[in-house]
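Below: the structure, in structure tokens.
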Amino acid sequence: MPSYLLKRLLTMGITLIGVSLLVFMMLHLIPGDPVRYILGDFATPESIAELESRLGLDKPLPMQYLHYMAGVIQGDLGTSYVTGYAVMEEIANRFPITAQLAVYSILFGSIFGILIGIITAMKQNTILDQLVMVISLIGISAPSFWIALFLILLFAYHLGFFPISGYKGFYSLILPSITLGLGTAGNIARMTRSSMLEVIKQDYIRTAQAKGANLYRLIFQHSLQNAMIPVTTLIGLQFGALMAGAVVTETVFALPGMGSLIVSAIATRDIPTVQGLILFMAFLFIVVNLLVDLIYTKLDPRIRYE
Amino acid sequence: TPASQENPEQGNELSKGEIVVAVVSEPDSLDVHKTSSIGEATEHLYATLFERSENGEIVPGLVKDYQVADGGKEITFNLKENAVFHSGKPINAEAVKKSFERFLEKSPFKTNAGSISNIEVLGEYSFKVTWSEPYAPFFSNATSAYLAPLDVSTLDEQGEGFDKNASAGGQLQLTEVKRGDSVVYKPFEQADWGAKGTPGFSKVTFRFIPDDETRILEFKKGSVNVLLDVPFQYIEELEKEPGVELERVSDYVMNYLGWNNKLPIFQDVRVRQAIALAVDREPIIQTALRGAAQPVFGPLPDVVNGHNPAIEEKARKKYAQDKEKAKQLLAEAGWKETNGEGIVMKDGKPFSVEMWVQNEPVMQRVAQILQHQLREVGIDVRITVKESAAIIEQTPKGGHQMILWSYGWFDADILYFLLFGKGKSTRLHYEVDELDAMLQKGRIEMDPDARYKIYEEAQDFLVEQSPWVPLFVRESVTATRGLKNFKKHPISNRIIWDDVEVVE
Amino acid sequence: MLTKTETNVQPAKWDEMESASVSFFGMAWKKLRKNKGAMIGGSILLFFILTSVFAPVLTHYPVNEMRYDETLKPPSREHWLGTDEFGRDIYTRILYGGRVSLLMGLVAVSIAGSVGVFLGVIAGYYRRLDLYIMQLMDILLAFPSLLMAIAIVAVLGVGLTNAMIAVAISVIPSFVRVVRGSVLAVREKEYIESARALGVRDWKIIVRHILPNIASPIIVLATLQFGVSILSAAALSFLGLGAQPPNPEWGALVFVGKSFLSQAWWMTLYPGLAIMLVVLGFNLLGDGLRDALDPRIK
Amino acid sequence: MAVTEEKELLRVEQLSINFKTEDGGHILAVKQLNLTIKEGETLALVGESGCGKSVTSLSLMRLIPKNAGFTEGKILFEGKDLNRVSEREMRSIRGNSMSMIFQEPMTSLNPVHKIGKQIGEVIYLHSSLSKAQIREKAIEMLKKVGIPRAEKIMDEYPHQLSGGMRQRVMIAMAMACTPKLLIADEPTTALDVTIQAQILELMNELKKDFQTAILLITHDLGVVAEMADRVMVMYYGQIVEQADVRTLLKSPKHPYTIGLLNSVPDMDDESDKPLVPIMGNVPNLGVIQAGCPFYARCPQAFQKCHLENPPLFKLGEQLVRCWLYESQEVIA
Amino acid sequence: MTDALLDVKELKVYFPVGSGIFRRHSHFVKAVDDISFRVQKGETLGIVGESGCGKSTMGRSILRLIEPTSGSVKFKGHEVTALTKSELRRLRADIQIVFQDPYASLNPQLTIESILGEALSTHQIGNNAKERKEMVAELLNNVGLSPRHAGRYPHEFSGGQRQRIGIARAIAVNPALIIADEPVSALDVSVQAQILNLFQHLKKTYELTYIFIAHDLSVVKHVSDRIGVMYLGKMVELAGKKQLFQKPLHPYTQALMSAIPSLDPDVKKERIILKGDVPSPITPPQGCHFHPRCHYRMEACEHVKPRQIEVEPGHFVSCHLYDTTDNLTEK
């Protein structure tokens, strides 16, 4: 196990380096020079040169990359070109909101998705099954900005249950979390359903029946844990989708999270911020999926990481 | 629990005397020496050296009076004597000098102060600035917050950290910055509050809400009481809303249709004029902006120093839409035959150009109408949406063909330093010796009348040559509710806080 | 094989099947036809494909013609789904927009599919390269997909083609994963081994034996990714990075319509519905295909 | 208990099992099957793949999914008609007085639960013992089926055990509540011969100890010879021959049984004579036909065979479903 | 002794356990561990052994479907392990393999005709499509199927019929040696007999040599001339059929034979019930692999690997009981 973890950490490092290289290359390929952007209409060749050297953009790319990575290893993600804030500080500011958003929507999506999945699997091929599955498909199929607008109009504007936008604690994250979690719920429901149906066909369920177990036991004692194995993978992968989805949701709900920051940072060519954020998100994604793999060993004792 | 602290029903209610302003985007930084754009959320933090009166004259701000010497190369400024920073420290010559030095060291916009060679403190409230050559736009530029003094003494050893400990001389004093969410101010009692002398509110929050609909809904619901830049399609709706006041002032940003004048197809003045004649500003304003804009035909809109009504009138006559004439001019320029789709051709090649537009709904709508109008005279326009960062980088290199762009500056010097100066014509690439000479002269002419005369000549030249098509100046519409005496400056568009009162 | 058939009543012979020969996909099609969801999904898709193909016949308005006296008209007899801010007919624009959105999905899925299948087959079949390819995919996967698309669009420039490429790239890892997994499973099948035992060359094994047998998961995934691609493309358009005006791509229509939500709900409702229905169609079809093509459900 | 001859445990009358097919049709997987098992007896059910053996055994436990098929006929277990009792009552019979082991020891245990928990569950469900008592009982059962290190195995997962061990666990589970009837559906097919020998021996021992009746389902005639008291041969959902084990193996009557015996290479036969296989293939249940289902493969078939399905004819204690024995008494 | 058709010497196939970026393996599954034997032209060598003892691995490594770890395989005098890729492809017309699972061994997407046609065209047998079509028809006839079925797909056939197709594919390229890896294990008894007879029939018709792998001793006995018994990667006994059955030497062989139930209910034979299970090939027991289950276990068995001894001509056994050279006390 420890050697497995070590190996995972190593590949995680490789993945992060890969991600950092990719972002770095992309950002330097993007048309739109940060210096020009900062200096705007008043740029003169001298001021451009001066700012370039101040930001270290005059050095050859590999040097810039190495310099950046040297910082990263020491926990320094650099300083925003545009705002002058340390990127770490920006992330520290924004991360809690995106993290809460992600966690709430994963929770929302998983709880609803799994429940729906179980119920529909039990009622396979009934009207209820088909109805619920179509509804959850709609959850997957509808564009998220559309759902967001609908939720705001109904629950925040007309009914006034929630604030429309901005971050004012847990309450203000409910609608965004639902927006984000709806697609997740649909995906998880479908996966749970098919996974449950798969498990129910297994020989060991027949064994349990032959022992005299009732339906409740069959579902909760004998099927659920087995059925959760593929669902867990999906939840891990959904986490990545949520981070990306946060971009749109945070924009619509005016939440000061990482998603909205990254959009504006790309627009302003704030290279350190974009780099730092993407690297951080990739890191989170990898960590979450590592956790998922560890949860696996709890769900499925056959899986042993050596 | 959060739920009990904030009854959701009342969660959005404003506290007593609070004003919440909804703003589209967050400023990069509150520090004017660092930012590349100053908006409503930042500018009220600062008191400027000069101010602009409501009819456009430059009047004293922090500067009481000044004396020009050495043909404009030396100016001695005398400060008002009782102004203080938010930190309580006096705004004296020494402080202004320090701030200036930091500005000259850090700001990307330092060229806007001209080529300052020396600043000398003459007394507690008096200092002398020396330029290596005269710089006429200085006074006009000094009405902007870029040149406003800030309190250098609150900064750390590296001269940083203004955002955390902001201190300047404006009417609003910073209380809190929530990155990505809002900036909170309280009124600064010691600032100049005009005739009334005291602020009529206790707190101002600028909330950053990028999404239009969300912003409108917040306003309609009452959790925001000042809605800046009302999207045009909502004007009619808000007009009908009871209790809502709309304040409409003309914006100073001019939108224009430009092109890369270095390209062969735009070399012929007849082609350039034909394009100008093909454009009808009316549907653009009515459809894309729902009527909330003023058409502009001449090079400078009326809020800019150097605007000339006669020129405007002349241009209006000359370039009122005339499709036939446009076609005729094109034909004269050799664009005679048309291809199967009705596009004019020359040497077997159709007149087809790419137009760059920013990623903003209004401008995209304008672009579509322009595309439509140009097509009617036989010019094919393909619209390409580009991020502004990309446009800013690529246009100086001449990577573009047509561009839908804008500028906003109060001084006619803009014609030189951004639009048509030699080596400065980054968007239009229209560099003609004759024009350049005129604009150079305008920069150093310290006598206002003589200066405007020069600009009249230059504008006349531009109208004739038509290297671009000025389009319109938007109206800046602000919706308010529950406020008394809310006003915006007719030229600079700033909110005038002096008399604003929150009605409880 | 047997001898006693002298009677005039022809007995059933167990070792000879008289039914016509049906291929695997033939059977799948039979099963698919009985799947209600798949048929509904398929019909929705067919409907949108046909309407977009025959758009010029189904409407007499030109897509991009502006009529300033007809702006923001609610649905009526002349304009079934209302008009937009330029007086353009929404119904017409949705018809034509279908061409763009469906094509966009098609191109994105085709690109991602071909690259994904290629890499997946290489990774699954030539195990030496597996580690490297999967590491690369991990990198892509760790990169939030929409952000990846935004970044790619930023590099390549805003526009439909680039949006398609961006969406495609963000979809590649899921193809590689699925294909690789299927190749690994099929590779162990004895018929692959017997082809190797016969001396059949690698590329032939891949083309003749592996690809047809992993077609089912690829088809299912492609169908589902079709929906995902259309949604991502719409999200890109929503962020202003996708289709260019006046292109009536559905996401762009919703995006524009959104600014007129309170005065002209039809501008955003109908294109949004179109997106939802098409994605729903793909999902229903994909689910149905999954059942029909699943070799375990005999 | 009903008044029946000599301690009859299970009596199945006219059992028919019907499956819905995907295209809306029906498959008659089992046709009017009669069967009795006496207490302590081992009845073997032999037949080729797909002939309906497993389905029959599942229907005794009422474990055929309702949506997939339905059963007709009477299943009298200790006098109760199992097709009539409530689901609740049925559950109290399953694993308790009637239990079952399956062919695939690899997949019949839940991979995510520990062995102890899986054995414990059946005890928990049918007794009111405390946790500690349950554990004790489970360990005792494991020891009884010859598992060394029983205490340790309790806390292991199925994947950590070999096939033979898992089958022992399955048997321990089935025997935990000392059932009256053990249904063993091909319990050794997936195992190696040396392991099979172990398991068969174990089953014989347990049978002696617990006086359990066994319904042994298999396709291996060797296993039948080893274990069974009586044998029923199934073909195409029907019983085609029934006799005590010695009669059946020594003097089979039905051409199918004869063919089956001729197909098996005999270890003890020193001569190198070639095998005599049955021609053709096992028929597909979906095809409905009027005559004897074995007709097409039968070397002795004549015209009547393909026109009419024969009833069971009685030759002494032996029952045969074949027109060759038409002159004998008809019983079904 | 004449030159054998196949001469396997000290063949070893080890699989690394677990894999990763470090590629440093301390554990191996020794699936085939030092096996030597010869196969003469025209004979059938039967291989029996319990599940997982390495039978399939051995069969596949002869064809280099699995690369042997070490050892030598000589076919018709050529060293198979040294062949280049293209030489190997040519060899594959000479050695063919038939698999256990009739459902997995035919590509479900191809018709029978194209499955068989591929075998022919790969080795340029038949000059054109028409000729190949005729050859396919003939092949189907020879394995007892109707040529009318050539256009059908595998799922339309029963298990026995599929196995016939698999055999047809193997004989299509006129091989000298066929390795049959449990070809009848998945079939019903009645069908199994058909296939066994088919094997016998084809052997005569095509003058084939077989290595016939099975776990069922009675089946192996029926088809083989000589039989090798494997246990945990080792060949523990190898002898002519008569020799082996009349006088099984290795305790494992003895146990195996006694474990097979007799068809005669009256024969109650003396049964040797082995204790325990086959140990994992990752951690095989020290010394003789069989010693933990052996009734004749001696001190030496726990430490010393037994050598292969030719107890009488053509009868090889690896057991300390028969090793007269070391001075071990006999039981």
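As written, the chain order gives the labels A, B, C, D and E, with residue 1 at the start of each chain.
As a convention for this text, a residue touches a chain if its C-beta (ideal position, glycine included) is under 8 Å from a C-beta of that chain, and two chains touch if they have at least 3 such contacts.
Source: prediction; values computed, not measured.
*Asks:* Taking touch as defined above, what minimum step count separates subunit A and subunit C?
*Replies:* 1
*Asks:* Between D-E and A-D, name the chain pair that shares the greater number of C-beta pairs in contact.
*Replies:* Here the pair linked by more C-beta pairs in contact is D-E.
*Asks:* So, comparing C-alpha centroids, which chain is the farthest one from subunit D?
*Replies:* When every chain centre is compared against subunit D, the largest gap points to B.
*Asks:* Nearest whole angstrom, what separates the Cα centre of subunit A from the Cα centre of subunit D?
*Replies:* Each chain's C-alpha centroid was found; their separation is 53 Å.
*Asks:* How many angstrom lie between the CA centroids of subunit B and subunit C, rounded to a whole number?
*Replies:* Chain centres of subunit B and subunit C, defined by C-alpha means, are spaced 46 Å apart.
*Asks:* Taking the mean of the C-alpha atoms as each chain's centre, how many Å separate subunit A from subunit B?
*Replies:* Between these chains, centre-to-centre, one finds 38 Å.
*Asks:* Quick one: report the Å distance separating subunit B from subunit D, using the average Cα coordinate of each chain.
*Replies:* Using C-alpha averages as centres, the distance is 89 Å.
*Asks:* Give me the residues of subunit A that touch two or more other chains.
*Replies:* Subunit A, residues with two or more chain partners: 11, 30-32, 149, 251.
*Asks:* Which residues of subunit B are in contact with two or more other chains?
*Replies:* 213, 387, 390
*Asks:* Could you list the positions in subunit E whose residues touch two or more of the other chains?
*Replies:* In subunit E, the residues touching two or more other chains are 21, 158, 161.
*Asks:* Please give the residue numbers of subunit D that touch subunit A in the complex, ascending.
*Replies:* 58, 61, 63, 67, 91-96, 99-100, 102, 104, 107-113, 121-122, 125-126, 157, 159, 170, 173
*Asks:* Can you list the subunit C residues touching subunit E in their complex?
*Replies:* Touching subunit E: residues 1, 15-17, 21-24, 27, 131, 189-191, 193-201, 208-209, 212-213, 215, 295 of subunit C.
*Asks:* Can you name the residues of subunit C that touch subunit A in the complex?
*Replies:* 36-37, 135-136, 138-139, 141-148, 150-152, 154-155, 157, 227, 231, 234-235, 238-239, 251, 254, 258, 261, 268, 272, 275-277, 279-280, 283-284, 287, 290
*Asks:* Applying the document's contact rule, which stretches of subunit C touch subunit B when the two form their complex?
*Replies:* 64, 66, 68, 71, 85-86, 154, 157-159, 240-241, 244-246, 255-256, 258-263
*Asks:* Of all residues in subunit A, which touch subunit B in the complex?
*Replies:* Against subunit B, subunit A makes touches at 30-34, 36-44, 47, 51, 82-85, 90, 93-94, 149, 152-153, 156-157, 160-172, 251-257, 260-261, 264, 267-269.
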